[in-house]
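In what follows, chain A forms one complex with chain B and a second complex with chain C.
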Partner chain A sequence: MAYRAAVVGVGMTPATSPRKQEFSTAELCRQAVHAALAHCGADPRTLDAVVIGNIDGFEGTVLGGKSLTRQLGIGPDLPVVVLNTGGTTGGNLMQVAARMVRAGTHRRVLCVGGPTFFGAEDLQAAINTNSPMIIEQPLGMGAYHMGAFAASAYQARFGVDATDLAAVAVADHAKALKNPNAHLRYEVTVDDVLAARPLSSPLTQAMVCPVSTSAVAMIVGDPDEHDLATAPALIRAMGTSSDPYLGGGKGDFSQMQNLATLARRVYALADVRAPRREFDVVEVFAPYVHMQPMQLEALQLAEPGEGVALIRSGDRVLAVNPSGGPKCTNAGVAGELAPYAYAALQVMGDAPPELQVEGVRKALAHGTGGTFFQFENLAVFEALDSVSSGSTS
Partner chain B sequence: MTTRPPRTGRRVDPVHVVGLAATPFLPEHDAMLDELVFAAVSAALRECGLRKQDAGLSVQASMDVLDGRSISSGLTAMAAGGYLADSYRIEGDSGLAIQAAAHAVAAGDVEVAIAVGVHNPETRSSDPVLRRAFAEQISNLGFEPHADRPVGLTAEVVYALHAASSAANGGPDTGVLAEIAAAEITQGAGRPRSARREPVTAAEVLGSEPVAWPLHDLMLPAHTTGAVAVVLASPARAGRCLGRSAVLTGFGHATGRYTWDTEWLTAPATTTSRAAELAFAAAGADPADVGYAEVSAPTPALLGGYLDALGLRGLAGKDVNASGGLRSAFPGLANGALRLLETVEELEYRGRGSTAVSHSVDTETGLVSEDVTVLIVEAA
Partner chain C sequence: MTSVSTQPVHWDLRYDIHLGTTWSRFMDGLRDRRILANKCPECARVFVPPQAYCESCYVATDEWLELPPEGILEVYTVAWLGFRGGPTPPYAIGGIRLDGASTLLMHWLVGPDFSDPASIGSRLPFGSRVRAVWAAERTGQILDIAHFQPVAD
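Right, the complex of A and B next:
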């Protein structure tokens, strides 16, 4: 227990639709991995393991990471751990890697998130197989149907209307327009969002994420080894939390109690007492528009029912999803790792210049997924010179 | 390109095994995955006097395609102790889940962690032939899709190619393979977890169904289903626990090369060698210290090579796979946890100060990209 863990390198590819993508999964992952290595100046021979995410039912293959990892140009012998927790897979990659480093058995671990949805023909049918099998599966429930439960409950409880939800999409598109790696880089209006194809009330197609292709890689290492070019983003605290997979286990769809509980736990570990003031940047995984305000409320960044107002305000104290978030770019495991990658890059001062927030010291990254979004994960990143050394190595 | 040597000199903090329990092993369980996970985890916690709320992390091992649903950990996370708590799922052998849980304890992040492996494929058939065909189909899907999958590579094909190649190059011939298999099955025949309860002769092994030359059915793992749960604790927390008294002093993981490198065919034990090197270095131990080993050799042709790679060729027959090894019971991805259970029970019999090795492999793509975990276990 003598070691600390930090994000020391990040690489990602620009995203686009599966139809327009010119590179294969292996090529995208290879580009992201070598971008991460180049970012920090690490030699691939200094890697001790790879943690890679696969969501088999979505990918048309099984344990694809096993062969994919051997096509990355990082050697034939690295130990490979394949992780699959649905939408939290990406964030959990970093958490598993961090524990390897913190235990002292590994010095440097590579996380790889690929384009999970590349080639999938019917994602909603695949997602349907993880829903409860007595009622929801036969009814054809897919991901955005699950999402709509919470959207409706949130509307009913706080008087949020469709215009409010559309405003979240408008804000996300405005941010993604600046992000060179985003998929949907165009502005939309509230009217555009409301006029889009209805999916599952109250959600329209413009309120849910696209199917993107890209890859994200991250190197987690011991920040007390000083042989790299980057200023590490210390992983100050992290955690995951699970709800039951039955929707009834949530108790109340209008608030994210599971995330709120996790936030309290992670904030205590990181000694975060005033999150709205202490975080400079927050990247949440909100593929559907209603999720972002609800998450901000659960994370104590907005009062209950005030999440939309915070997003509309364009708060200059706290930057929320400057990347544009998964609403504008969602490439499966790559999209889930992206909030962690962007938050770490902000702390390192290495985010794309169009996105970099000045003077970031502390950032929060979030992921969610599973049936009815039952899984949550969080991590707090901190600039290394903001904290005293915790290493006794 | 080669990776750099392991972190020799960096010892890992010891992690105690305080709870270890399994469901019964059956050809097919008439139970949902979460029911099996709950049964194993509850029993493991009960024997060490802990509750689910005491666990800081739960790591599951399973695979969606075997479980018949996407994100199957969504179903099992609660039963594994993940409700409003840290948990995640590894798609691989439960030996990896044990190591991930051990990392969290060794890192000081949690005081108690659970690892659980579950295996009950959704085949809708109790016919062993159809169940094997299903496993082979899943295995084929695990291979690289452009070159390897179309030529029909599966785990059993890979094992047979290796056994044949080995025999052609001076390794054990079919008769010797049969003798090794018969000895293992007979050794484990009287044990309650064995799927093969009757002693067999080499002639009976050779008389069993041919699978892929030179392998016969009784030379291959005895497929069974069930769940196995392990409760790990820090040394201080273990001091306040009932239950088992074993310590993981070192652990290592390695993954084999892919098909375009011939190592899987000509030197498959190299992966085990790399995992063992990491584990012994983390434990600060030497193979000479080891008095017992559970070795996961999917075919008899691999057993000798794995023992060499572990540095344990000198162990007597009674000191290797007293359980009968994979020839007696192989619960898929729960294998790593079952091997640890067999190891710890053997250490309990041998007494304090004994050291053992628990070796596990995944068989999803046979020797190709084989995941190997090695645990160094001491009786406390």
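Right, the complex of A and C next:
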């Protein structure tokens, strides 16, 4: 028999800069976990496993997933699955928890994502150590240098200019300003973005994400149990996909072929035939401005080269990254779990009121990571009464 | 008085990366000023750097060939801001499709003046032909190619 899995509870802490953060990773995680339990009214004793993200090697302040779990205040004897897939760790937490629930071996699984790499004094130097060793690491690339390849190629192919890229940042900031959990909560203008410090052509400082600190927790359970206070967000379909390891193995930086392939696969599983019309909300992981239009295009939500136009339009039919996205809040593992958390909250009707889109039936969540963003993950959430039972994929 | 919220620590770890036979052969080639690639017997894609298996066809890629040190610069970025221990900016890193290759080889670009952000596109357009410049001393590593430079028309 096939079981269904749904997001039944979400908790997150407000985000802030590393400099202003007074709480440790363990303290932040504990706050997020108890917020998730309170959200759905679940007793910690009803949890039967924890899936926790742990990117070891990125910095000295990371606590092992197992020792961190002991500090969450949710009692003894909980099996712990420690997940470490580098930058995509947060995006894979729910994928693992949902498979545990669907398998029927677990009933209610807690996902925990804390902040990562906020201690590095020079983050780009730290990121350079995880770029492909031997072949590409010696060339001196940090995160945004690697990101800039796609920005350059996309610009050249579709005639996207710096003003278009800046418009994405302007839109993200306007949304994050309304999100009580966002980190960069101020408006910017196109001129501000263009005048910001150049990082790696064509990207300026205002076009890339900050380093944030926060924690996100999520409870995945059986949607057919009715002891909780929330309306579950059914995980209708999900999947992951990988490009070659080397940046140069991608072959074409001007479009996101790997994500397009994954989207076709996940849409088929979820019976999504007209994504542009069917989704009410999409939350994509776009820490750099060029990524958001490219992702929307790969996800069939905009025509090739038309992603910026969709973002500029402030489309009322499809809400794109109402949270403000990782461009304004990126807390490592927590940051990668956030699109899943926000998309699920939208379906549950429990997003922060300032962000909640009215009448959400179907939402898409996306994550990506890897030095050249080789790794993609995706999930489709649906309100339970909009799907017939047993049709999950 | 503000409370004590952080304490500095420092890591300095040294590692040896084990190349495996495929990348060893590639590095041996660079030492001899030769760029070695290999080819998938199923899809005929040519990989540089070479790889032991084709991840699309799931077969071993055991046919070797030498590529010319010249190709098309498909994309590049100019790093204006670097990082501790990295190269001194500005420096340019490109994705180069060597003639006959299916993949891009990432490397440094030297030659044009990259100091003015407004003019970089016109100084070195995407699609330019570039050629590898060999390092005088070669030890079997990617920087045995010192950098690529534009081919004079």
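The definition used in the following text is that the second predicted complex is superposed on the first by the 385 of 393 C-alpha atoms of A that agree within 3 Å, B and C clash if a C-alpha of one lies under 4 Å from a C-alpha of the other, contacts with A are read in each partner's own complex, and residues count from 1 in each chain.
Just so it is clear, contacts are C-beta pairs under 8 Å (C-beta built on N, C-alpha and C of every residue); 3 or more make two chains touch, one makes a residue touch a chain.
Just so we're clear, the structure is a prediction, and the values are computed from it rather than from any experiment.
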Residues of chain A touched, compared between chain B and chain C (which is higher)
B
If we overlay the two complexes on their shared chain A, which of chain B and chain C does A:Pro244 touch? Say first, second, both or neither.
both
If we overlay the two complexes on their shared chain A, which of chain B and chain C does A:Leu139 touch? Say first, second, both or neither.
second
May I ask you to decide whether A:Ala153 touches chain B, chain C, both, or neither, giving the answer as first, second, both or neither?
second
Check the residue A:Asn130 against both partner chains and state whether it touches chain B (first), chain C (second), both, or neither.
first
First (chain B), second (chain C), both or neither: which does A:Arg197 touch?
second
Scan A:Leu78 for contacts with chain B and chain C and give back first, second, both or neither.
first
Can you give me the overlap between the chain B contact set and the chain C contact set on chain A?
60, 133, 244, 249
In the complex, go through chain C and note every residue touching chain A.
3, 5-6, 8-9, 11, 17, 19, 23, 47, 49, 51, 55, 74-87, 91, 93, 95, 102-108, 117, 120, 126, 141-143
Considering only the defined contacts, which chain B positions touch chain A in the complex?
1-4, 6-7, 10-13, 63-65, 68-75, 77-78, 82-92, 96, 100, 102-104, 106-109, 138, 141-145, 148, 251, 253-255, 257-258, 260-261, 274, 278, 282, 364-365, 368-369, 371
Within their complex, chain A touches chain B through residues 1, 3, 44-49, 54-58, 60-63, 66-67, 69-70, 74-86, 88, 92, 95-96, 99-100, 102-107, 126-127, 129-130, 133, 239-245, 249, 258, 261-262, 369-371, 374-375
Touching chain C in the complex, chain A uses residues 21-22, 60, 119, 121-122, 124-125, 128, 133-136, 138-142, 145, 148-149, 151-153, 156, 197-201, 244, 246-251, 253-254
